[in-house]
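Notes follow the structure.
The chains carry the letters A, B, C and D, assigned in the order they are written, with residues numbered from 1 in each.
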Amino acid sequence: MPLPPICGEMAIKEGYMMPFILFISCMAIIGLSIYLTRKGVIKPKIRRLPAIDAIDEAVGRATELGRPVHYTVGLGSVSNVQVIAGLSILSYVARKCAEYDTRLIVTFSVPNVQPVVMDLVKEACMAAGKPENFKPEDIRWLSGRQFSFATGVMGIIMREKVAANLLLGYFAAESLIFAEAGFRAGAIQIAGTTNSYQIPFFVTTCDYTLISEELIIAGAYISQIPEQVGTIFGQDLIRLITVALIVIGSILYAVGFKDFYLWLNM
Amino acid sequence: MRGGGWAVQQSEKSTSLWEKLQEIDVRYIYLLVWIVVSIPILKPLGLPLGSISEETMLLYDFIDHLPPRSIVVMIADQGPAAATECQPGMVAIFRHCVEKDLRVLFFASRTEAVPFIEQCMIDVLGASKDHPDYGKLYVNLGFIPQYEIGLSALAANIFYTTTDAYGNSLKSMEFFKDLPTGTAKDWSLAIYFGNSNVDWVVRQVNDPYGCPVAGGVGAVLVSRIYPYYPQQVIGFLTGLRGSAEYEVLVGKPGSAVAGMDAQSLAHLAIIIMIIIGNIGYFVSKRRIGGF
Amino acid sequence: MFDFNILIVLAAAAMTLGLYSYLYRENIFFRIAEHAYVGAAAGYSALISIESAWRLLHPHLDKGEYYWLITILIGLMYVFFFTKKYFWLYRYPTAIVIGSGIGVYIARGIKTQLIRRITDTISNVSLSILTPFDGAIRAIGVISALLYFYATMEHKGPMQHISKLGRYFLMAAFGSSFGVTIMSRVSLFIGRLRFLYFTYPAQYVVVLAVIMLVAAIIYDHVRKAET
Amino acid sequence: MSRVIKRDIPILLLTFTALFQAADTLIEEPTLNSYADSMRSAASIIGTFALILSVTLLTRLHTRRLQRRRTIIESTVLLISLWIPLVWGLWQFSMGGVSPTIEPFVQGVFNGIVSPGDSTIYAILAFFIASAAYRAFRARSVEATILLVAGIIVMLAKAPIGESIWSGFPILSDWILNVPNRAGVTVIILSAILASIALYVRMMLGYERGWMGRAAE
């Protein structure tokens, strides 16, 4: 096979100097905080996330009413960060549903999510000691087009009269369709996404909302594994650095010293 | 964050009219929306449009001051869903270009947009490929795949596709005679119609070749286009309202202007509903004694 | 001569009204429209994906680079999901798909989502629309709302006030995004109604649908009165 | 051993591809860039094969329903509208190389079912947004009041009618959109990328295994 010449000129791409520095330092900071957590030097704890605590309540209510729980990770492919976060929460929900013998319907739009979801739900049912509760026909692909997926979900929510509607993943314009269908079915709704255009609809129509990063840290919040929580500590350190950059940059820019701004754009 | 949804449904049984309105069956709201939007469509009311926004005005002035035979490139990226907002604007701008004797080059960056180009030419010229000026002033390149890659190739070499949408060879057309460079440097304006993103057009046409960019975009895209305005994007039409403004400027009010009546009525209805809902909320709160 | 386009318009009108019948309640017409829509969209999107995958693959095969057939072998690992023993093979293609997705996203994201947003806030610090301090207010909003998301600390003391301020900024942002969106959503519906009212022969379907809706309302009312 | 091939190698594969793609985005080097480009094409070809799973399972679900004589009409409609265009389109594509985007029958199905469906469901949002606004815009608390006021001002400014009520609405809405709204949107974006970085590190080190169905382990 024809190989291109090995090792041409190697250089950082234009305009990517700062991203390169930040990439390396973010990795280092998070790596360090995992190390410190393992050593027991720091013991970070994630603050309460009411939306996640409400999942138990939602599953409990579905069990009482004898109606199913609906869970969707939305439109994204399995490589989408919000879908990955949604999958982490799904394994917890699936386990709770299996324990209480509550029916769980999972919907998604991109085919490559299918094997992951099926494996995850099956695993959760086995972990709960109830493998018979795994029903492959309740894990549904509803086409790869945005609005036909939305129609399918809308139909399922109303037909099955779901008691809990969990919308955690990647959503575009169809967010409100799901939330309204859930409202008409009288379901408890817990939603979460990082898409800034859709959060308003979730905040106004759902009972609990995981805004932006709350969705992504939820997996660590549920598992409470020290290393996972350690990365959240690292994330907060990067947040403080960001705040510092904004404060320093704004002050310098306001007094007319623009080199700092140009340096950030490098 | 705690929102309000299920909790609203669980409130106490109501007695007064205001309280009943609080828990009104949503289907009455749906019916109201349907009626309010239907009336002006069936019988236009001609409500005043208000002042014309700066972005629309700048785009109109820019096109108005282009010398004849300048090249305007129209990038159609509207699917059936976005077409309601973008198509009237595309028709109005094309009409303006025809009046000013400009050369217009169409292409679609998604397959679903191809019929909308055809429709636009038929609306304005009455014919598409059979019009006498087709090939002289107007050319439709059809679908060019792979968004940014396709546009970048076209901007580098206008004969990238070699044939137009109907299979005619480009080299023989009068449209492409006397082009100084054959690249996007010859273009006077590139206009994006659609709802997905405008970044890639600016990146491929404005950054390397300095060709100004404009847009006829859905209202949701406005916040993404603002950072480029007015340096790189010289003007744009915001949703149906922008299209309606352009129709008024061109002097041929069409579907967008009629649509604005429906828009105004619908907004008014929603605001009245919100006010009624709030009055009801305060009345019932006082009755319960929590206020 | 039979006109294929008339059939398409009729199908489109039936689809539109069938799907809108959901607004009244879940019913058999909605279910048929829904299933036709999901099925056709699934088939169509599958066709488009297959075509674009083939367009990526076949230039390499034409050039004689047959080692690209490995992608097919890895892709076929998904099929082992149907077996009890080797179902875990799906993790290999999944790992490749996720890995190449997140690798691109993380490096670009640091530039476009992290650095761009920071510099955007900095360079607008002297923005002035109503007051000369608008840019500074925006920067304060960004900082306080960013601290609202601080995860590994309970929000007490001064932090409580900062995060409360941050929430207020977020709420104003959500409210205004909501307000902006209402406009574009209404205009979409205008387009649909125009199609239904002014396209021959869609109007006849509308009349039929109205008659059916009235019948359904009367039926529901009678049944409700009986029980 | 089985843990190695079932779990550890996929994680290593993920880490390797992710770092490789990240390096490609940051570094200019012809060999690296061309390999990374091929890898992205390969990944999207590989991902397409998941369709086999999904189409099979969807078909199986509805054939089983037919066997059990439940939802006969709906399932028949779904299977017909799924398989006829799919088979016909594939046949045309593999035999004559006719792209499904121009094949007349497939386009007929698209224009008659898929495209009107898309516009219809997108437009159904007009109803849902009205009912959501009615329910959500209540002055329940300080926060809800801020949401309500910001929403109403922007709405009034965007419709022609608002300008005729008070000419100050457009300026005020401009301020809201540029100051608090931009601040809020900026933060949503910033916080999403911060959390994503941490999530990716967790995945690359194998602490977060939701994507391979073994989070419970």
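The definition used in the following text is that a contact is a pair of C-beta atoms (placed from the backbone, for glycine too) under 8 Å apart; a residue touches a chain by one contact, two chains touch by 3 or more.
All values derive from a computational prediction rather than experimental measurement.
Student: Measuring between Cα centroids, what's the chain most distant from chain A?
Tutor: B
Student: Ranking chain pairs by contacts, what comes out on top?
Tutor: Greatest count of contact pairs is found between chains C-D.
Student: Starting from the mean Cα coordinates of chain A and chain D, work out the distance between those two points in Å.
Tutor: Spacing between the chain centres: roughly 13 Å.
Student: What is the distance in Å between the mean C-alpha positions of chain B and chain C?
Tutor: From the centre of chain B to the centre of chain C is 19 Å.
Student: Chain C to chain D: how many Å between their CA centres?
Tutor: Chain C and chain D have C-alpha centres separated by 5 Å.
Student: Rounded to the nearest whole Å, what is the centre-to-centre distance of chain A and chain C, using the mean of the C-alpha atoms as each centre?
Tutor: One centre to the other, that is 16 Å.
Student: Going by the touch rule set out above, which residues of chain B reach two or more other chains?
Tutor: 1, 3-5, 26, 30, 33, 37, 81, 83-84, 219-220, 223, 241, 263, 266-267, 270
Student: Two-or-more-chain contact residues of chain A, please, as numbers and ranges.
Tutor: As it turns out, chain A has residues touching two or more other chains at 16, 19, 23, 26, 77-78, 81, 84, 112, 115-116, 118-119, 141, 145, 147-148, 151, 179, 183, 196-197, 199, 201, 203-205, 211-213, 217, 232, 235, 239, 242.
Student: By residue number and range, which residues of chain D touch two or more other chains?
Tutor: In chain D, residues 22, 25-26, 47, 50-51, 53-55, 58, 101, 114-127, 129-131, 133, 135-137, 144, 147-148, 152, 155, 158-159, 177, 181, 184-185, 187-192, 194, 196-197, 200, 203, 211-212 touch at least two other chains, as defined above.
Student: Would you mind writing out the residues of chain B in touch with chain D in their complex?
Tutor: It comes out as residues 3-5, 8, 24, 26, 29-30, 32-34, 37, 47-51, 79-81, 83-84, 111-112, 143, 219, 223, 241, 260, 263-264, 266-271, 273-274, 277-278, 281-282.
Student: Would you mind writing out the residues of chain A in touch with chain D in their complex?
Tutor: 4-14, 16, 19-20, 23, 26-27, 30-31, 34, 77-78, 81, 84-85, 87-88, 90-92, 95, 110-112, 114-116, 118-120, 122-124, 127, 136-137, 139-141, 145-148, 150-151, 173-174, 176-177, 179-180, 183, 194, 196, 199, 201, 203-205, 211-213, 215-217, 219-220, 223, 225, 227-228, 231-232, 234-235, 238-239, 242
Student: Per the contact definition, I'd like the list of chain D residues that touch chain A in the complex.
Tutor: 22, 25-32, 34, 47, 50-51, 53-55, 57-58, 61, 64, 114, 117-118, 120-122, 124-125, 128-129, 131-132, 135-137, 147, 184-185, 187-192, 194-203, 205, 207-208, 210-217
Student: Once bound in the complex, which stretches of chain D touch chain C?
Tutor: Residues of chain D touching chain C: 6-7, 9-11, 13-22, 24-26, 39-56, 58, 71, 73-75, 77-86, 89-90, 93, 99-101, 106, 108-117, 119-127, 129-130, 133, 136, 142-144, 146-155, 158-159, 171-194, 196-197, 200, 203, 211-212.
Student: Given the complex with chain C, which residues does chain B contribute to the contact?
Tutor: Listed in rising order, the residues are 1, 27, 30, 33, 37-38, 41-42, 81, 83-85, 218-220, 222-223, 227, 239-241, 255, 259, 262-263, 266-267, 270.
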